[in-house]
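Only one structure is covered here, and it is reproduced in the block below.
For reference, chains read A, B, C, D, E and F in written order, and residue numbers begin at 1 within each chain.
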C-alpha cells in the first residue's frame, strides 16, 4: 500500500535534485550535447532495470528530468517499492533530447543509490519474514541524504529508527557512565523529555537490561548480544519494553537473531553499504 | 606525497558538513545529551579503524567536530590515503563532551563513506599494479558528494575522470547517432570546444575505433569490450590516443582488462557500490 | 539547572541572526552611524530589563553583536531562564561603536521576543505549580522561529510538544473520520510508526477517550473539555495514558484545568500571543 | 483601495513560506497523515475567523497551500485589510487532503500572526481617527519577518517607518553625543546622504527641537514627551518639519498624544506585542 | 575621511566573495597548484597598480585571501578612495602559497572592477569640481553587485542614488501617464509614502517641471535636457526642489551640464561601462 | 547556428535573476508603482537597441520578467548573437504593468551588460577574421557572472578559455619557479592530471617555449610577446602544440598579433572592460 511508504517533503526532493544537477552541470552545462545535438531535437527513452531488485526514488528521477525540461512526459511503469527483474521497464520518458541527456546521470544516480538500499533492505526483511522481528535502519546514512535513504528503507519493507539526534532519545554508554548508572540516566532523560519523545536505552548486559526495565525504559537496544543472550533478554523483558537487537547483523546472522524473539533488528549496512542497483536509460533521439 | 591528493575547496567541506549536521541535529539538537551530560563536561576520544582499509575524508571529520566546538583539539595520527589495520588510531580528539557527541555520527558517516571508496579503489589499483593501466572513477557518484568522492578515489590511488558534463567532452552513442557518424560528431565537438577542453569518444567496435582515431580523437573509451578485443584496440591505436576501458569491470576481471595494455580502466562501482569502512569513535567523558 | 534548557544547534542561531541582520542592514548598512560615528570609535553598553520577566535568547543577542564585531566583549550578568526585575542588567558589552549600533536592534528584537515567551510561559507554569500538570507549547509558533520559541518555552519552565509534523504522531479528527473511527486510526498509526515514534490521539468525548485507551494510545489530547469533564477523563484513564488538556486555556482558567489531574496542558498563546519583554541597550560612546 | 497596501516581492513570500514549511515538515513530513490518509484523498476546507479582527497575509496562506499542492483551488472570500467578525469565511480551499493537512498549520500561523498585527494596528488607527495623526510602526519587528509585518501594518491602516538602517537616517542620542550636538550631527548626516535619503532627528527636549529645526531637519522624532510638551513642540515647529511622537504609546494614551497635533505616532507594540488573531481551518475529507 | 565612504555589511562581502570563489574553484579547486606547489609552501606578494586610478574594494580582496588562508597576513599600504599611479603598492600579503594562488584572480577581479568604477567616477567628479553639482550613480549596475558598486562610486567621490525600487520613489513617465498627470501622480505617491521616503519626479519639459514644483515634489529629475534648458529649469525651481540632470551625460558634456546650476548629475556609465583598473599581484613563492 | 552557443544551466539563470531582483526590489518592492499603478493594469512593451551591437542574454531578460509575472508574453524578435542596429526591436512583451516595471531594470542590466561583452568580442573577432586566430576570453570576469559572461563571449563569436581553476591546468611562472623549471613543472602536472584534463604552459621566452614543447605541453600561452617573436614561436612550434598569445591585446594590436599565425588570442578586456550596450524598454500602460 502506497500510504505505508510515507512521503518526502517536496523541498527535500527539490533541494537534493538541484544540488545534484548543479554538481553535474557545473558552469557550462552539457557541452558535448550542446556541440552535437540540435537544440530542438526530441528523444524517447525508458529507464530499465539491469539487475533484480526493489525500486526506490522515482520522484527524484522525475524531478531531475522535469528540472531540465518542464514539459517532459514522464510515465511511471511501476511504483516505488516494486520488485523488478532484469529488463523491467521502470519509466517511459519523452522530451527534449538535450534535457534528457543532461538529467540522465543525476536521475540514474538517485535511482540506483536508493534502489540499492531498498533492495538490500528487502533481502534482510525477507530473511526474517518467518519471525516477528522488523528490520530498522540507523543514523549511519550517507551525509546529506538521510531522509531519502530512510524512505528507501521503507520501500524495502524496513522501518525507520529515529531521524536525528532530536526526535527521540537514545541513552548510550557515555550517558550512563556520566550519570553513574542506568537508573539515573533514565531519570534525567524522563525529566527533560516532553510527553511525545520516546526514550530508548542501550544496554550491553542482562544486568543493565534489568536495571533499564526497572527504570521504566520503553525501548531497549541490546548491543552486540549473541542470539542466546538475546533469547534470555526477551524472556527477562517479558513484553515490558520494545527490544531492539543491534551490532554484528549480517545477511547470514540476521535470521538467527530474529528467531530470538526481539521486536526490531537495526542495521547500518542497509544504508551505508548497499551496492547501487544497476539501472539504465535507453534512449533514441528522434530524427 | 600529499600534494598528489589535490585539495578540496573549503566551501565544499563546510557546505557538506553543515548540511549533514543540520539533518542530524534537526530542530532541537542532541536532546539525550542535553538531558544527561553537563554542559561543561569534557571528553577525550579517538577515532579508530575497526577493519583494514584506506582512510579518506579526515578534513570532513575534523570540520564536523570543529563546527560544534570551535576550540576542539583534533590531532591527526595519520593522513588521508593511509592504509590502516583494525585498531589503528586515526585521530585523537579532546573537547566539550556534548559537542563531540553531537558531531560523532556525522564525522564517522563522512569518514566511513569516503574511506570505503578509498579502500575499494585501492583494491582495484593494487590488482592492476603490474600493468600500465590506471584506475579511474566515473560520474556514477552519490548525489551531492561528487567532489568528495573523487577526492576519496585519489586517496585510494585512483585517477579522476571528468567532474561533470561541462569540463570535458565525452561523445557517446546518441551523439554519434544524431550526427550520422563518429567523424561528424568529432568535427562538431572540435568546432565547439575551446583549446583547453579534451574530447573523448566512446566506441563499441574496432571499426568505430579506427574512425575515431582518423577523426583525431585524443581519448577513446572502449565500451564493454572483452580483453582480447581490447588488446586488438591497443594494437590498432598504436599510441595515437589514450585508451580507456569501461564496462563489466570487477575485481575479478580488472587484471585481465589491464593486461590488454589500455591506459585507463574506469569503474562506477568504486564510487557507487563501495561498502563503508568500519570506524568507531571511542570516548571517555572526563569526570 | 542549565542542562534542563537543552541546546540550540549553532546553525539555527547563526542562520536566524544572519537573516535578521540582513533585513535590518539592507544594502547599505547603518548609514546614519556611517555618516556620524568615527569608524574606530568604541562604546560600552549594557542590556537591561525595563519590566519584570524571564530572560531567553542571550545566545542570539551575543551572536548578533559578534557578527558585527568579532572581537566584541560580551559578558553575561545572568543566564537564560533567569527572572529579572526592572533595571536588572542582563549583559555588559564593549566593542566597536558602529558595530554595536548596527546590531542593537536585532539583538533586542530576539531577546525581547523570546523573553516575552519565557515570561508568559512562566506565568502559566507558576499558576499550576500546586498541581502535577506541566505546561506545554504547541506548533502555533511564529513562522521561521519555532526552535527558538520552543527553547524560550523551556526557559519559562514549560515543556515542549512535538517540534513538527514528523517527530511524533497526533491523530486528529480528520484522521479519525477518514479511518472510520479511533480504533482503526490508531491501528494505522501503529503500523506505520517505528518504535521510537510516540502516538497521541485527540479526543472530543469520553467515549472516544475509552476507545483510544482500548486501542492502546499512549498519550491522549483532551480537546476543549471543561474541568469537570477533564476530571472524569483522568478517572477513566487511571494512568493508562498520558493526558493532555488543550483548548480554551487562559491564565484565568489554567489552574482549574490543572486541578483536574491531567498531566499536560498545552497552550498556543504562550508562543503566538506573548507580548515582547521590554529590554533596552544603554550605551555610551567613548570619546 | 488595494493599491494602497503595496506589494510583497514574490521572493519574500516564497522564502518565508519555504522556511516555515521546512521547520514544520522536518525530515519525514506529516507522518500521521501519511499513515492514515490515502495518498489520493481530497478535501474541502474553509479558513474562518474565530474572533473579530483585520485580515493580513492571505498571499502567504495561499503560497503555503500551493507549495504542497500546486493544483489546489484557493478562492479568496475577502481581501487583505478586510475587517472580519467571528465566523467570517476568509478563503475556500479544495485539493489533496494530505497536502492541505501538511500546509494547514503554516498557513494559519502566518495568517494569525499578521492578522494580529493588522488588528492591533487598526485599533490604534481608529483611536486617532479624529485627528491628523497617522500611526506608524518601527524596527521593533519579529526577526526575519520585517517586510511581512510592515505589510500587515499597512493592512491595519498604519504607515511604515523606515525598513532598516539603510533606507533613511535617524539621528539619535548617541549620534548627537558623539558629534557634540544636534547641529553638527545633522551636518554630517546631510553631507553623507544622497538626495533621496530622508533624515530624521530624535530629540528629548524642546531646546533640541529648536536646534534640529534650525539645522534643517525634515523630520523630528519627539521622544517620550507628554501630550502637553508635544503640543508645545507642534507650536514651535510651525510646520517646518514632520513631527513624530514616540515612546509610552498605548491604546489608552494614543488619542491624547494624537490630539497634540503631531503628524505621526510610532509604536513598537503593534508589531512586537500583537496577540495572534484566532483563525481556524475547517476541513472535511472527501469520502 | 574614511567615515564618508560608509560601510559594506559584512554579509554582503562574504556572500559576494564566496560566490566568486565557488565559481573559480569549481569542484576540484586549483588543480595546477595542487599538482605542483607543495601544500606547505609559503609566499609573499604585493598587489600593485599597473595604471593610474582610484582604489575601491580592498575589503573584498582581503576577504578572498582570508577565505582561503585564515591566517594570511594582509597589510594595506593605502585605503579605499586613494588615488594611485602605476607601480603603487596597494597591499602586502604573506601566507600559504596555494591559498594565495587560489584567491588571486578573485581578489583582483573584485579590486579591478570596483576600482574601475571609482576611477571613472572620480574623472566625472573632477570634471565638475568647479560647480556645485554632485555626480550620482543610478540603478544601472551589474546584476548582483549593486551595493558594492555603489560603494565604489562613493570611493570615487560620487553620491548614491536610491539603492533599489523600495527605498525612494521615482515617479516616471509611465506613472504620470497612468495617473493622468504629474499632480495626480505626486498626490498618489505622497498618500502612500511614509514620512521617511523621499519622492522624486522625472520631467521632460519645463511645463512638467512647474507642475511638479506646484505638486510639492522635493526632488526633480530633468530628463535629457540640454544645458540651456537645464539653466532655465534651475531658474524656475528657484531652490524649491533638488534638481538632478540625467541623460546624455558624458565626460565631454558633464561640465557644461554642471554649469547649469543643477544639484546632481546622474550617470549610468560610471557603473555599467567603467573599464576595469589594471592591477596585478606580484608573488614570490618562498623556497 | 544556435547550437554553437551552448547552453546555460537553468539554475544559473534562475539564481542570477533572483539575486538581481532581490537587490532591486529590496524589502518593499517597487513602491512607486504600488502607489500609482493599479494592481491589474496591463502594459505592452518592446526592448529595443539604442546603439549598434550584438545581443546576448535574452534568457535572463525573459527570466526576470517571468519571475514577476509568470503569465507574461515574451516574444523574441531575434536571438542571442544577432547583430543589431539602433532602433532594432529585440523582444516584445505584454503583461501586468507593475510586474514589467518591477523587472525592467534587472532585465536591461543583464541584457546591456552581456550584450556589451558580445559586442566588444565581435569587434575583436572581426578584426582577425582574415587569419586563423580565434579570440578567447580569460578568467578576468565580473565576480559572480563568469558563466554568463563566457556565454556572451560565445555570442560574440569568441571561444572560451577554462571556466575556473579546476577544469584545465595552466602552468604559470610561479609553478615553474617552484618546480625548478618547465620540464619538472609539466611532469608534475601530467602525473596529477587525469586523461581528460588539458595542460597549458605559460612561457615568456622562446627558450621556455622549446622546453615546454620538449616536455610535451599540448597548449602553450605566449605571454606578452611582440608579433615578431610570436611569429618565431609559431615557426618553432611547427604545429606540435596549440599556441595562444596573451598580454597587451587591444583592438589596435590584435590584427598584427593574429597575423603571426597563433591559434588563439586571449583578452581580459572583452569581459572586464566592455561598455554596456545601450538598450531600452519602451512601454505603454494600457488604459
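Note that a residue touches a chain if its C-beta (ideal position, glycine included) is under 8 Å from a C-beta of that chain, and two chains touch if they have at least 3 such contacts.
Just so it is clear, the structure is predicted and the values come from calculations on it, not from any experiment.
Novice: Work out which chains are contact partners of both chain E and chain F.
Specialist: A, B, C, D
Novice: Within the chain touch network, how many edges lie on the shortest path between chain A and chain D?
Specialist: 1
Novice: If you average the CA coordinates per chain, which chain's centre is most distant from that of chain D?
Specialist: B
Novice: Report, in whole Å, the distance between the mean C-alpha point of chain D and the mean C-alpha point of chain F.
Specialist: Distance between chain centres, rounded to whole Å: 44 Å.
Novice: Distance-wise, how many Å sit between the C-alpha centres of chain B and chain D, to the nearest whole number?
Specialist: Each chain's C-alpha centroid was found; their separation is 51 Å.
Novice: Where the CA atoms of chain B average out and where those of chain F average out, how many Å apart are those spots?
Specialist: It comes to 32 Å between the two C-alpha centres.
Novice: Provide the list of chain F residues touching at least two other chains, using ranges where the numbers run on.
Specialist: 3-4, 6, 23, 25-31, 34-38, 146-147, 160, 163-164, 166-167, 191-192, 197
Novice: Help me check something: in the complex, which residues belonging to chain D touch chain F?
Specialist: Touching chain F from chain D are residues 2-12, 146-147, 150, 160, 163-164, 167.
Novice: Note which residues of chain E are touching chain B in the complex, please.
Specialist: 18, 21-22, 25-31, 34-39, 67-68, 98
Novice: List the residues on chain C that touch chain F in their complex, please.
Specialist: Those in contact with chain F are residues 23, 26-27.
Novice: Within the complex, which stretch of chain B touches chain A?
Specialist: Those residues of chain B that touch chain A are 16-17, 19-20, 23-38, 41, 43, 60, 97, 101-102, 105-106, 108-110, 112-113, 116, 139-147, 163-167, 169-172, 174-175, 177-179, 185, 188-189, 191-193, 197, 268-269, 272-273, 275-276, 283-285.
Novice: Which stretch or stretches of chain E touch chain D in the complex?
Specialist: Interface residues on chain E, with respect to chain D: 3-4, 6, 136, 159-163, 166-168, 170, 191-192, 194-198, 200, 219, 242, 244, 263-264.
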